[in-house]
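Structures for review follow.
Two complexes are shown next, each including chain A; its partner changes from chain B in the first to chain C in the second.
Presenting the complex of A and B:
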């Protein structure tokens, strides 16, 4: 389409408003569930011209308790309460993980990694101990698996596991953890608040 | 490092265990129990650390050894500030005390901090007692993770 080609031509010259406005909804052939295939259609655009955003973050333990939730740029509020939202999120992730492994046409290496819709992308990372890190970002972000892994090893382990006053199966109350996580996420290249919010 | 983590977790669980097992009327004895544990550990540690050292010239030298070598071997860093009034009172200040660093910076969890300082106090007291110095050690926290250990030498 005309707008698509224009965008591609403009990308190399100067950051254009068209590139910033597009949230990826005009790219054809977008799969809804990119769980098994690793192709990322959005990587055609260079990172310097597209603003990427992180919307929010959930942390669940092995039993489904939501240990931590924070959002930075949430555009639409849920119609349900927080507890219901957490239960829904956990249940959905649990089910998708099991579908992905049972319906896989090939041998599975990592299992469920992320899913994309036309407006946002949900990234998932699970540790061997059953801790689930879930992050919603916009579509122009690539793989966040390493970021989530680093969040686990350098923030969760340091400030929650090593804190004797944080019990591991309760929601996290440590201010230090909250501040360090916030600092870490804000410093990521993928976190850039869209102009106008 | 793996070995540091083992001791940190063991200490965390030790404090939690002693507090859990204490009966209602023995709650205030928990801190003394932890301090006594630290005392014994400090005594043995100092024997090990001073294997190759010569005798200390005076009390101040002993304190400096405590601040630099002993602290460095146990907590992998040195004391940030040592003050004395030359009358037998010494104040050791550590701005990033190992057991408090992961808890908070500032005011959160401050009421529970003294529990985790009992064992280190005991360690200092045990180390000094085996070096021939009898003293009383107390700790205070005004802003995490900095804490001050006050050592009062007992002369009789």
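Presenting the complex of A and C:
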């Protein structure tokens, strides 16, 4: 019992320490700042405090199969299995899409592009063939539409579609694709993780 | 290769004649293997379908066009963008049905049949049937179930090559499990 508590405290120590340091450096009255004004703050002031980050990436095919998943700076432990998460993600995207298009006062061109919470921003891009590219980033990242399109046209098409050994409706196992995607994402300016620290 | 470098510096471009001859060899082999023209047509269609399913992604990546609003727009994109991109020619879109769900692509020349003469006894063979399969496969991936077939073929003595496309139905996105 005691050791269990101890361990928990140790685990808890790290992030809270980091958070305390962070708030001391940037915003003294962090608690009364709303999420919105905090984002404004980071984008207005010194670049070294901006921590642009890409958290993870999902690729779904038109049938809802998760073809590929990868994460980079996702620190929090997940409480559910990957399969469950993929199912939830696809279901949510499907619902948001139909909700957004039903609510739209006029015919939409682009449809649903992204949403943000106080902690992260989800970017969505769909090809006419029904492939869904989903990326979660930190809040300070702008539109990722072009980036996701590029992931489609210069990575997915090049290394999966043009590879006759890759079947298009199964999760992607190609190492080449994995490496190219990782390389591409790490080279993005939006990836600039921990620029200030 | 460099002489036709209109797709700015793509080193993977192959010579058009090599392509035509390769296709010819493929059809000839199929005829040997299957003996029956209908079977050969079916095999060509199947191969074309498998190509179309992949080709569409390459097309979408390169052409960067959005979704088409109606079948007429689709017809235009197929003729003016897709055929231009992959075969270097622009067929004429015509013979629309009154309901607007059927049209023909008219080709005055066909790079696949450049060196071909059909021997007698192959009146049922649709030599370029691969094109039909490719169109069908590609359109299926953008949620359109379309019937594609040859109506006329210069190879068989017609004045023009005509591919007929008939819209059957829209295919819907898969609904996730547990939703209606």
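Here, the second predicted complex is superposed on the first by the 143 of 197 C-alpha atoms of A that agree within 3 Å, B and C clash if a C-alpha of one lies under 4 Å from a C-alpha of the other, contacts with A are read in each partner's own complex, and residues count from 1 in each chain.
Please note the rule applied: a contact is a pair of C-beta atoms (placed from the backbone, for glycine too) under 8 Å apart; a residue touches a chain by one contact, two chains touch by 3 or more.
Here the structure is a predicted model, which means the values were calculated and not measured.
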item: Partner chain(s) touched by A:175 [first = chain B, second = chain C, both, neither]; value: first
item: First (chain B), second (chain C), both or neither touched by A:109; value: second
item: Touched partner set for A:162, first chain B, second chain C, both or neither; value: both
item: Chain B or chain C, by number of chain A residues touched; value: C
item: First, second, both or neither for A:153, with chain B first and chain C second; value: second
item: Contacts of A:62 with chain B and chain C, given as first, second, both or neither; value: second
item: Which superposed partner A:94 touches (first chain B, second chain C, both, neither); value: second
item: Chain B versus chain C as contact partner of A:128, first or second or both or neither; value: second
item: Those residues of chain A which chain B touches in one complex and chain C touches in the other; value: 162
item: Complex contacts: residues of chain B adjacent to chain A; value: 5, 8-9, 12, 15-16, 102-106, 108-109, 112, 116
item: Chain C-touching residues of chain A, taken from the complex the two chains share; value: 62-64, 87, 90-91, 94-95, 109, 127-131, 149, 152-154, 156-157, 161-162, 168
item: In the complex with chain A, residue positions of chain C that touch it; value: 53-54, 56-58, 60-62, 64-67, 141-143, 173-179
item: Contacting residues of chain A [partner chain B, same complex]; value: 158-159, 162-165, 174-176, 179
